[in-house]
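Across the two complexes that follow, subunit A remains constant while its partner is subunit B and subsequently subunit C.
On to the complex of A and B.
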């Protein structure tokens, strides 16, 4: 089983989490620091397979909500995570048996692991999406029948909110509004579910895969081979999944706009050669659609990742800048995200795109 | 002691609540219907003096939050009010001993009375402001040391939120954001306080005064005397308080605008004679400042009420219309609202007015 015991393990996990964050999900840096602080105290997370959990176990997600730059100001404390756990247990009237990441892409890969290290509670090797997504209801837990609430959120100042909503769209609306009202970063517990529900809905093995992606990039970089060939080799080795190099070039334009609580933008990339090809990636918190000369080559919920073309270090959307030389990788989402039921919640039209989902393997 | 036993009693109370609502607070009509439904079942509210409550009693406010037109669509049910009470008792770990109105002006005069009728719990003859105000922290409970939370809010659809904030400005921000997110009218319990705190902070006798104002208008209207003379006589009979007729005329302009979650506007009134005088009343949910030829004659937190010039029926801001013939009354706020501490929270500058509070008795 995967283990997180050294700074290198954390760094590998973080690197993989940025790749799966597909531009969003928050820079895991703060989470790395926090998890490292646990390792420094001799505490390591206890990661177990999704299928090892008992049907009647109580599983919850632990997540940071809000703007990662604000999170940096209000660095989460041990007490906050322990308080969230205690409040959720009081609310539900029983002990929590296991934790699971809400989304493995970005910063929320880290907090369940940190709380596991603190408490010894197992963390399931899976999550609700296998990537990053911008909204509460965009996850397999919700799509396949769990509810996001009752949920508890806290901030570091001492404000707290418990909410229970009749559906997850409403949960998202309440959570987003509270985050805006409190003006600071929140941490919370969501999606209380049984072990049986976790087994029926989770995207599996994603903690392991995230660490392996990061490790693959690191070891390939340290070796003599082609880093991207090795990374694509790893991504394509996952059963039923595929990945492709979509483009290689330099960034000639990046637009950023914050509107309606979202980070919108577009990256334009051209080849390093004299070719007239143009490659664009649209941003709505995450990378939503990649187009080669105007033709879609990868679209939500499939994954688009932009990496430094030499080091293969994945880059978050807010760090993209003019002149960067990058490679873009597209990869297929977990099959649980590609069903009609899932596409109704997180297909292209849910991101304002006027096109239907076509799998990357048909587009490339 | 005041009693509410007949439809006329309710109507009197509602009429007084509109006058004290100073344009805002919500049309009490839905509350009237709801309270009448309790009377129809043979249940009457149990109103007791503020000073009769034991120091160690637990007192809470019960209030509707949000847009009164939306409230009309989702008419509050008995179950909702009982559920709020039960949840507050669970949250606080003890039985509630008494209810008190958050604000006596407008619709929130009615709900504590209805819940009292349903449960037999006493309602204190007082409230947190003696008028209507647009924000949670603008009340004597908050100003003199009680906290608005822990609080519980519910809607009729089954959504619920419990929140606890470090101060009442934050409570207001959270409450406003939740109301916007849920998009429907909410009902809640706020300001859990001890009997000792209620006695130290409440504006006293306001349920009685509200009903007496309504009754005074009704009986004066049915009699042969001058309705306004009798109403001013009553308002001036309250110890330490004064009231004046500010203007008599017809409305020649009303502007309404909804911006930042507030109802903004201005009413312009001119005399029925050929005089060139101009009288204006600014609206920010409530009437905030009345000016005669540009000179302030009454300003927050003193009360401005606009009434039909024949029937003396008080008119809410949203029902003001071109051509209405009206009289405007100004009256002094309760002394608890005029201290430096209170004016720091609900003086003119808190409503964006560039002037300091001057009592009506010095202005008129």
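On to the complex of A and C.
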């Protein structure tokens, strides 16, 4: 089992979380500093395999929700996460036995680990999606029968809302309006589930994989080999998963706009050679579809990551800029995200794309 | 009528460059070695300029100085002062305390005098809890008792509500009569930790900045120059010595900016790529409307992350002193990134040394006439051709990386290493080597304008996009006038918008920069040269 004990471990985890954030998920920076503050107090998170949890255990997710730039001002406190845990226990009438990340891509990889360091509660080595997604209901917990609510959300001022909805589409809508009313950034506990449900619905080993991705990039960079060859080697070594280098080039255009509370945009990349090829990646909070000369080469829920072409540092959507030299990697999502049931919720049509999901294995 | 004369000085790590300008004309220029104490190098530069010019000193109307002194001091941990940090955020933000993630040696030298106080604002600017005035007063008294004299006040969303920090400053200075206070909203933009970090760096330089400014002022007094002194800041515009003394961090990246701005002025071109080829590196920047493009990503100063706006400069390890090595025979050749640096004149072959440098190649190829060409006459043509191919290819690659479109743009070469370039470069519509290119940075200082900027969130529902943009522009122009620009002559030089998610309606973060000529000079110099602004 992996452990997180040093600043380097945290950096590795954060780098991997940005890659799996596929452009979104929020910059893990504040989460990194928060987790580091826990390590500085001599507390380390306790990460355990998903399968080690008892069937009748109570598992919850802990997450920050809202606008990432606002969280960069509001930050986070130990008290807030402890209070959320306490209120969830009161609400459910029993002790929580374990935590799990709702979304390993981006900043929400960090908060369950920090709360685990504070309380000693185990964190399951898994999450609800194995990447980042823009909406609450787009996760394996929701898709395979767990509900996001009853949930507790709290701001750091002491305002809290407990809510319960009949489905997670409604939970998402309610959560959005609570977030807007309470200053655009909050923390919450969601998805109360049994150990048996966690085992049936979680995407496994994602904490480990996230840290290993970050570590792989770091060690390859420090060594003499080709960083991308080693990264792809790692990604392809995961059983049943595949990854490809989709494109190598220079960003020539980035568009951003906010519509209906989402960050929309498109990045256009052209080769460094004289070739006339054009590569585009669409953004809807996360990267949703990558197209080579107009032909789809990777599409949701498969993963698209854009990285600096020299250092292999993954780049979030808001940091993409004209002139950057990048490589784009496509990788297959966990099989749990590719079932008909999952595709009905997070397939291309849920992102306004007029196409059906085709696995990256058949596109590249 | 006697035209105003101005002195531009750039204090670099190796050289202190100077120019004397009248209107748009360079009257004379010089280069002296940077001295350990800065002051004597500046005095030497100014004395040489004035001796060469022979004009009356009362015609000098302004002195502009660019220096990397302060940032170098921070990076080298020299002369740093303990800092008390009053973060006004509680009950928010306890989990990520000030100086989280800082290198431990820095935390030690600044002391961890951290005080967390209740207060702060939402992104709308509305305060979410009243400021705990008594708590702040007690904290300030405690810091004062510990002997700390330099302080930072950093409040949640202070850029949206600067008044909150101003109010806090009144309380702190009442409790600490001799303190120097850095307000976060005066230093950085949104992102509390990055802004707080920049403020702490600034506060740690308080003593040093006072010393340097006093020393520079004295240097000009020694040289019998009585004109007002201005310092260049990161965006290539000017601040007074009083402001520089309070905000040394604003000057930390003036060198590359001045070089890019100077290149624009010397060629009279406003949109171009500028390559400053030095001894060890080539710094390539993008000139847009007469100003360098700025970075959007966070940057690190001495291991500390900040969100200061810096010129977006790509540095590649290729300069006039870069060392050539053969690995085996034939084509296997490496150039740099190591360099003989300022020892070029001892170590390069053409100067009697025994290290093969890019300068030796340039001399052998007949691109430059320096040193003793006979010492490199034996170098084989094939080696020279291969090396030149590599050098030009590296610069072409870097230019392409800096550009924003495939369209060819003018390339301006400045710095002593420009002799390395002899060919037409891919992506460059023309290659310009202006006169005085070797002192372009001092020229950049001499022609600088005064700027104002605003960076905050606007509610589109309240005033619409056009209204929000108009409000931001007016605020930036007012800030420029406040900083000393001539009213009515201030122009907008940069506007950017970043939409926000998860907010009630369309909220947008708008950043605007405006700049104009110094009002103090407007009477004699009716047009500031190289402004790069269409009027």
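The definition used in the following text is that the second predicted complex is superposed on the first by the 363 of 364 C-alpha atoms of A that agree within 3 Å, B and C clash if a C-alpha of one lies under 4 Å from a C-alpha of the other, contacts with A are read in each partner's own complex, and residues count from 1 in each chain.
Keep in mind that, in the parts below, a contact is a pair of C-beta atoms (placed from the backbone, for glycine too) under 8 Å apart; a residue touches a chain by one contact, two chains touch by 3 or more.
Quick caveat: nothing in here was measured; it's all calculated off a predicted structure.
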{"item": "First, second, both or neither for A:37, with subunit B first and subunit C second", "value": "second"}
{"item": "Partner chain(s) touched by A:169 [first = subunit B, second = subunit C, both, neither]", "value": "neither"}
{"item": "First (subunit B), second (subunit C), both or neither touched by A:180", "value": "both"}
{"item": "Greater subunit A contact set [subunit C / subunit B]", "value": "C"}
{"item": "Touched partner set for A:156, first subunit B, second subunit C, both or neither", "value": "second"}
{"item": "Which superposed partner A:48 touches (first subunit B, second subunit C, both, neither)", "value": "neither"}
{"item": "Interface residues of subunit A shared between complexes with subunit B and subunit C", "value": "157-158, 176, 180-181, 183"}
{"item": "Complex interface listing, subunit B residues touching subunit A", "value": "157-166, 170, 173-174, 176-178, 180-183"}
{"item": "Complex interface listing, subunit C residues touching subunit A", "value": "89, 91-97, 100-101, 122-123, 128-129, 156-157, 190-194, 296-297, 305, 400-406, 498-504, 506, 508-509"}
{"item": "In the complex with subunit C, residue positions of subunit A that touch it", "value": "29-30, 32-34, 36-37, 65-70, 72-81, 114, 156-158, 176, 179-181, 183-185, 250, 252, 256-258, 261-263, 270, 272, 285, 318-319, 321-323, 325"}
